[in-house]
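Common to both upcoming complexes is subunit A, partnered first by subunit B, then by subunit C.
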Partner chain A sequence: MTDKAIVSIRELSKYFGRVAALNEVSFDIKAGEIFALLGPSGCGKSTLLRILSGFETPSSGELLLDGKDLIPLKPNKRPINMVFQSYAVFPHMSVEENVAYGLKVEGIAKAEIKTRVAQSLKQVHLDEFGARKPHQLSGGQRQRVALARVLVKKPRLLLLDEPLSALDAKLRDAMRLELVKLQEAVGITFVIVTHDQSEAMAIADRIAVLNEGRLRQVATPSQLYQRPVDAFVADFVGTIHSFAVVSSTQQGKDFVVGTQELGNITVPAAAVAHGIYQLDELVGNSVVAVRPEHINVTATQPANSEVTLLGKLGDIAFQGQHSVVEIMLDNRPSLTAIASNADAQALHESGHGSTVWAHWDTANMLLLPNDASDAGAVE
Partner chain B sequence: MANAKRIRDKKKPFEYSKKWSLRSVFFLATLFLYVPIVVLIIFSFNNSRRGGNVIWKGFTTKYYGKAFNNDDLMLAFGNTLTIAVVATVVSVILGTCTAILLWRFRFPFKPLVEGLVSLPIVIPEICMGVSLALFFSAIGWLGNTSDIWPFNLINVTIAHITFCFPFAAMVIRARLHSFNREMEEAARDLGATEYQVFKDILIPHLKPGLVAGALLSFTLSLDDFIVTFFTSGPNTVTLPVKIYSMVRFSVTPEINAASTVVIALTLVLTVFALRFQSKDNTQLQ
Partner chain C sequence: MCLVIEPLDSFRQKPVSFLAFGIPSIGWLLLFFMVPLGIIFFYSFGENVSLIAVKTTWTFDNYARIFEPEIMTLLWRTLWIALLATAICLIIGFPVALVIATASPSAKAWLLLLIMLPFWTNLLIRTYSLLNILGTRGRLNEMLGWIWMRANDFLVLIGAGDLSLLGEKFIPIKFLGTPGGVVLGIVYVSLPFAILPIYSALERMDTSYLEASMDLGAGQLQTFFKVLVPLAMPGVITAFILTFIPALGQFLTPDLLGRGQVDMIANVIQRQFKGANDWPFGSALSLMLLYVTFILLALRAFGDAARARREARH
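Here is the complex of A and B:
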């Protein structure tokens, strides 16, 4: 992977009537990476993909591929190909004909088409299936046809709209791995749309999080998880428990924020999200938050933890390598903590509803604005 | 309890066939629908000079020979086939264009256009016949448009197209509804031009609709009497009109024979089209 931008998106907006499907979105996609567009339903992911492929025209903004304006080019003239959510495999053509179609319309010689189709089918492990019709294939195989059909074109950019959503759980995991391997083998830049954060985290080199047409953050999966820009992103990429800030002061470089449940907490400067509000704006606009894996649960009062909360033991869910423990609190939604199976077993013996302590260190907490784009700072 | 009783009273699908009332309705329907046709076919082989004769006088195929040697009848038959073929081809092309226009584009007065297209389906045929006759006589095309075959059939063919193409358009439009627009976008994305999408993706999808539309047009044109009666001239008689005029003199087994040939022809076409479509149904949408 190089750091060269292959696609540059600058203040791109798309309005459907008065609805902004995309609102001044700007970011770069780097050559050779797997880039994921992540966000809840209706946030504009598909719209962005359709603008890239040429099926929608942006209302305003710039779109560059290798530094050249892409917007005037018709979909069939763009060196960009797409795997559709429904795969859109042509039902009246055999697997081979499907894969060959993109080359045929390009006017490439028959002999070359034949070798390239064979090579592409091999890449997706469908070399035995060339003569079959799509209705004789499983869903997973049909998806491979859709993949082979675009790979054979050797595009600059490959777009995949929810490529795994139509597959069952087991196949999905296998395909995830395979997609990553395939991308490494062909070296084509992939843009994958998904609303499944675990999928994005597992596959992508970098992820753009969108919400309601606006870009919230572009970062690597680990950055996104450990240094989210705001509470929305933090919550979207994994479970996080947040506590509203009700007062704030500053002590040297650190912030001291007050919360209803936890009292005053000193948040180290390093744990303050970039682009946070001014100190006096924190109240009502921000939260301090902690992830389940940083919460410890014990049946006895902890000796030296910085934050402690008294609660009652709720359900314990065994998850294989670890267990998830629920801690019920009086006047707020319950917390969850990740515990080792041995610890969970010990807690289980003290019984459902027994008193437990949840505790953690403030160094593991994040001070996050509710909405970073309100704070006027993204990236 | 009441509930349980109702469940017990419920009949399985096939039990209905045991009800005598339903059986007799079925029997009567079959009788009136098919017996006349069967009788017609049987008596085309009857060795009797009168076709209306219901007394079996022995087997013969001589009336088929007679029918084939009857120049007037053969001319009418040729006219009918020519008109039907041309009307079918034109109707399917026009119908496809109309269906795609109505499916794909938005334009002013679209509902009006949609209504106008299906108007010939609901207008009584007698009115269509009269209006077409008036129209052709106004432009001087009634009866004889030309002395050279098949150009003399132009007006009848045009008349047939007017009532065939709305049916073709309707059937093709229904098929268009099941078209997944992502197929079109996928083809565009792979580099196809609009025309290539039409030729390689849309037309293959429409094929069952095109066949159904063609079959419908062909049979409608083949047996049309009223509109043809009003628009044809002495040299442009079609088979239904010819048979009608022959029946008015006397019913001969020749007529039975000619009708049997027409029935056989439509049967063969229908079977052909059905086989073609069932092969296509294996496609996934």
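Here is the complex of A and C:
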């Protein structure tokens, strides 16, 4: 991967009637990376993908590929190919004919088509299946045909629309790894659209989080998880428990914020989201938040924890390597904490509904605006 | 006691309830379809023994007469008129179906209504109105004559000719009593049967196939011929069957528009049962189409079986 931008998106907007499917979105995709567009349904990620492939025209803004304007080019003239969510493998053609299709319409010589098709099928481990018809293949194999069909075109950019959503859990995990390996082997820039944060985190080098047509954050998976710009991103990329800020003061570099449930909390400067509001704007517009893996649960009162909450033991869910413990609180939604299986077992013995303490350190808390784009914090 | 609603496929366990539902329709088919067909079958091996009586003598004479040149000419004409009309229906029908399938939902409803509208008028009345349109002094020739006049006026105006380039006088085109007129009539009555199956195939088609084709570098025309048409093939085949088979048996259109000069097989069969009073030959002619269909179906079944064997070997 280099730092050179292959795709530049500048203030791109798309309106359907008066509804903005995309609202002034700007970011770069770097050459050779796996880039994920992540967001809930209706966030604009599919519209962006269709603009990249050429099936939608943006209402305003710039879209550059290798520095050249892409917008006037028709889909069939763009060096960009897409793996459709439904795969769209032509049912009336054999696997080989499907893969050869994109080369045939380009008018490439028969001999070259043959070698390139064979090479491409080998890449996706379908070399034995060339003569089969799509209806004789499994869903996973059809997806490989769709992949081979676009890889053979050697595009500058390869788009994948929800590539793993139609596969069963086991195949999905295998395909994640395989997609990453394949990308490393061919060196083509991949853009993946997904609504599944774990999928984006596992595959992508960088992720753009979109919501309601607006870009919320572009970052690496670990940055996104550890340093989200706002409460939406923090919540979308993983479970987080937030407490509304009701008062705020500053002590040196640290912020002291008051919450109803936890009282006053001193948040170290390092845990304050970049571009947070002015101190006097925090109340009503921000939260302090903690992730389940930082919460400890004990049946006895903790000796020295900075934040302590008294609650009742709820359900315990065994997850394999660890367990998720629910702590029911009086006047807010329950918390969840990650506990070792041994600790969870000990808690289980004290019984459902027994009194427990949830506690954690303030160093593990984040001070986040509700919506960073309101605070003008999107980089 | 509780009532258990059985799935439909449980007729093996409950043959009585299955038969209760099945007997009326099976009985209807037996009585009014299979029995008359059986009678026709026996007639086709029979001879006229008097003016009104036919005796089944298991003679093949009636079938042998099919191979007489006169009948072979008739069969050939029936076949090419039906094929030509079907081909025209498919060529016109495909773009129309495509337009309807891609129209907005409200426009779609109106367009489909327009396609169905002719069915609300009796076929006989529609055919008589075609007589009015296609006649030598009919509306179509009237319009062509008007265009001929205006074209001539225009040529005179630009000084390119004085009733010389286009001829002295407009000569009306003869549609009635010609194969062309009969083909036109069959196309007119069959067109909805060609449009609707193709429309339904296009309507159900996943547009991502077309987008994938464009995405892979194909132009509009390549996408049309290499993806859209092949994927619509099941609809086209249904349209072919729904148009071609009734076209083979057309009676009214060749009778009225053909003016007795463009007979198709149905007109000759009708004559055997009426004027010619030759029921055995009429029966043999009727059944011939059925035999041809059986042979075609058998060939297809063999073909399918052969293909299944080939694929099983892979």
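Following the convention adopted for this analysis, the second predicted complex is superposed on the first by the 379 of 379 C-alpha atoms of A that agree within 3 Å, B and C clash if a C-alpha of one lies under 4 Å from a C-alpha of the other, contacts with A are read in each partner's own complex, and residues count from 1 in each chain.
Simple rule for what comes next: a residue touches a chain if its C-beta (ideal position, glycine included) is under 8 Å from a C-beta of that chain, and two chains touch if they have at least 3 such contacts.
In this text, all values refer to a predicted model and were calculated from it rather than measured experimentally.
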Combined model on subunit A: subunit C and subunit B, fit or clash: clash
Touching partner for A:106 - first (subunit B), second (subunit C), both, neither: both
Partner chain in contact with A:333 - subunit B first, subunit C second, else both or neither: neither
Touched partner set for A:82, first subunit B, second subunit C, both or neither: both
Touched partner set for A:131, first subunit B, second subunit C, both or neither: second
Touched partner set for A:72, first subunit B, second subunit C, both or neither: neither
Which of subunit B and subunit C A:320 touches, first, second, both or neither: neither
First, second, both or neither for A:252, with subunit B first and subunit C second: neither
Residues on subunit A lying within both footprints (that of subunit B and that of subunit C): 53-55, 74-77, 80-82, 84-86, 88, 90-92, 101-102, 105-106, 149-150, 153
Residue ranges of subunit B touching subunit A (in the complex, touch as defined): 180, 182-183, 185-193, 196, 200-201, 204-205, 207, 282-285
Of subunit C, residues touching subunit A in the complex: 206, 208-209, 211-219, 222, 226-227, 230-231, 233, 311, 314
Of all residues in subunit A, those that touch subunit B in their complex: 53-55, 74-77, 80-82, 84-86, 88, 90-92, 101-102, 105-106, 133-135, 149-150, 153
Interface residues, subunit A side, partner subunit C - complex: 53-55, 74-77, 80-82, 84-86, 88, 90-92, 101-102, 105-106, 131-132, 136, 149-150, 153
